[in-house]
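Order of writing sets the labels: A, B and C. Residues in every chain begin at 1.
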Amino acid sequence: MSLYADQRYRAELAASRAGALVTREPLDGISVPQLVHPDPFLALIDLVEMFYPKPSARKGVDPLASVSPDARLAEDVAILPFATLEAGVTIGARSVVHPGVFLGKDVSIGEDCVLWPNVVIRESCRIGNRVILHPGAVVGADGFGFARREGKFLKIRHVGTVVIEDDVEIGANATIDRGTLGRTLIRSGVKIDNLVHIAHNVEIGRDSAMAAQVGISGSTIVGERVLMGGQVGLVDHLTIGDDAVLIAQSGVIGNVSEKAVVSGYPARPHREVLKIAAELRGLARLRKQIGELERELRSRARGTSDRDEKPEKPDP
Amino acid sequence: MSLYADQRYRAELAASRAGALVTREPLDGISVPQLVHPDPFLALIDLVEMFYPKPSARKGVDPLASVSPDARLAEDVAILPFATLEAGVTIGARSVVHPGVFLGKDVSIGEDCVLWPNVVIRESCRIGNRVILHPGAVVGADGFGFARREGKFLKIRHVGTVVIEDDVEIGANATIDRGTLGRTLIRSGVKIDNLVHIAHNVEIGRDSAMAAQVGISGSTIVGERVLMGGQVGLVDHLTIGDDAVLIAQSGVIGNVSEKAVVSGYPARPHREVLKIAAELRGLARLRKQIGELERELRSRARGTSDRDEKPEKPDP
Amino acid sequence: MSLYADQRYRAELAASRAGALVTREPLDGISVPQLVHPDPFLALIDLVEMFYPKPSARKGVDPLASVSPDARLAEDVAILPFATLEAGVTIGARSVVHPGVFLGKDVSIGEDCVLWPNVVIRESCRIGNRVILHPGAVVGADGFGFARREGKFLKIRHVGTVVIEDDVEIGANATIDRGTLGRTLIRSGVKIDNLVHIAHNVEIGRDSAMAAQVGISGSTIVGERVLMGGQVGLVDHLTIGDDAVLIAQSGVIGNVSEKAVVSGYPARPHREVLKIAAELRGLARLRKQIGELERELRSRARGTSDRDEKPEKPDP
């Protein structure tokens, strides 16, 4: 089964060995069955459910897990080998805690969550319902905050927390630091890809998405439905407006307004960046033009001045 | 023992406290023994084997590991404490599974592999022979793929897999996502450094190498013997030709042809980038040149026009 | 409690719901109590200790840990579930080893260290006193070093080590590779943020700091009190002078001198980069200016040459 949602890949279809095709409009010259749907990605979600039934849920606490007698587990949870649940941890109904997961003191996990192997959530952090944490994700490590005295760094102990609301997904080996005093806040519906870094006291608005390796510095506030491409970086204490788009690898050092589309370093409106890039490619030509202008002006000057103004050399 | 393979570091040699030297050509003024070899790096491989014997291989299943009765282990494997092998896992001869490793249902590992601590490989992924996975590497997490309806993201369940062929090395805390439907494919001989991100359905051709923190977006196809410097980013659905070189921090947003050398954002042929960088440094000078041209032209215009065209001030 | 240390955030204070304020100078129009201190960050350190007492230290070896009989543990250490200590490991007084930590053969850990969950330290690496390793940090994985013969990579076995001195902090999921032959060296007081990559044989001088996602290539030497913003990348074999500042996302491909402030790719003095950025924004204007000059020159040429030099068209 293959998905065809973008005109750009029309040429690749011929070479595809897919057994069936999901497409927005019927296509000519395709020998495999076509499933026509106005939104192929939505159709795909249903098709996957049909063709790839979910494995039956695991339940129970593995004898090789380390669960504090003080932890509270709702019905139908699964706690797998080598998971550690410290005192005061609560796990909502039907959530699955895979091997090697660490949940610090008083961490609370909502219902229907999946914590993949080796996820770490430090003390007091709160996770909503239907949250997915991919392998190796770290929630609630200390923020990178120090006082500096005579060139040496003094650690500011981070006593804040992380709050992750419902329906959030955090990528493999991503890191979400706890607040210095207050909280780092990931609002509901946010999707965070692998190896993303979210610093202390950041807030991410509802339904925003960050592709892999994005880095967001301390106390920056990101609006709702903001989209960030891979490897985007934001400095601290910024405000990013709702529905803004930060194109891959942008280096954002100033606030971004609602619905703005920015790129480059330092990030500017993308249209401006494209214009400058075009100008840059013409820069050598520009330099030549100026050289020619100078020569022309000089020869012209010589042509007129030789006769009536300030001859550089005496006429022989 | 020290290695001298590059003229650039000639000056550093004098200061070196190495007890011996491997060098391409005999060097004057060096007091320590010199081992001359046409390829110092190759010589180093043999020297390390001679001077640093490998520790004797560990064998057997630790009683603190969690191994499904349904897993199949070849001879002479080592399964260390707190490793989890779910049902249907197969491990080839002489492979070592370090503490904290998670192998999901039906994962297959070839012969002579080393899985360092806390590696995670999710269900159904297949690993070839002589593959090294460094600590914390994650193989087979869900790709970052969503359908969007009314501003909200709907998860596309990722039912594809990851296939890693022979002689591949994956760096510490790197992440290789599973395909949406098909597979993410890392061909034989590929070397991937730490904290690299490879998205769903990417294919990497034989003997390519990626330095640390590279990010490759979904469905991009990388050729053979491609070299990428650190922090390079590639958008989705690209094709990178064989033997291409992507210089560190490049932001690649278009296809790259065979043997091309690109850099910058958006990535362009490196020679062009160097030229533009040089032009940029001359930009202020260019602006001055133009200013002078304007002044000269204006004064010249005044010089001639004063007499015969449109005098701005009446002659006294 | 909130911290006010920067004029930039004066406007935000009004909206703050903080119950008290630490400030450098007394502020008007603020209704909550103000604690005035010449260095608010220093004051914060003391305030946190007062208001958030540290939890009482844990002690002892959990029965679910895997500790070699050959490991040496000082008094008052805590070894928590699913930690692995191989033969020859030494742990200094009062250090805490959290769940899922792996310490390879002969690793030595100093006094008062905290190794958060799932930290991996491979064989022979040495950690000083009061070092904090955040969750998922990997110390001592093989460097990314290969010999290349006929397009194929041959692994250089890495037999060096990592030495981390006192008072160092390493971020979550950061990776510090071991030396090829010698050592990778992190000097005392260095602070490394999440997801940073430090390659083989790098040396970082005392009291330097690197924000998240920085990548430093092999054998580069960083001076003392150097500051690097997020996502900075450095190529191999560079020397960075003491007190240099590398601004976020810089791509550094040449040595940087003492106290220099650099940015951009390729990294240049930041003042120069700002100038060029300003020039770039004026590039379109520059192009127009040149066009006007050309037109003026041409019309002027026609004006004079029509009469006395080379008329293009015969006068009617």
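Quick note on the criterion: a residue touches a chain if its C-beta (ideal position, glycine included) is under 8 Å from a C-beta of that chain, and two chains touch if they have at least 3 such contacts.
All values derive from a computational prediction rather than experimental measurement.
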| Roughly how far apart in rotation are chain A and chain B when fitted on CA atoms, stated in degrees to the nearest 5? | 120
| Self-contact between copies chain B and chain C, residue sets same or different by half | different
| Between chain C and chain B, distance of the C-alpha-averaged centres to the nearest whole Å | 19
| said: If I count partner chains per residue in chain B, which residues reach a count of at least 2? | reply: 64, 82, 100, 118, 136, 173, 195, 213, 231, 265, 280, 283, 286, 290, 293, 297, 300, 304
| remark: In their shared complex, chain B is touched by residues of chain A numbered 1-3, 8-9, 39, 41-42, 44-45, 48-49, 51-52, 54-55, 62, 64, 80-82, 98-100, 116-118, 132, 134-136, 169, 171-173, 189, 191, 193-195, 207, 209, 211-213, 225, 229-231, 248-249, 264-265, 277, 280-281, 283-284, 286-287, 290, 293-294, 297, 301, 304, 309
| Residues on chain B engaged by chain A in the complex (per definition of touch) | 64, 66, 82, 84, 100, 102, 105, 118, 120, 122, 136, 138, 141-142, 144, 146-149, 151-157, 159, 173, 175, 177, 180-181, 195, 197, 199, 213, 215, 217, 231, 233, 235, 237, 251, 253, 265-266, 272, 275-276, 279-280, 282-283, 286, 289-290, 293, 296-297, 300, 303-304
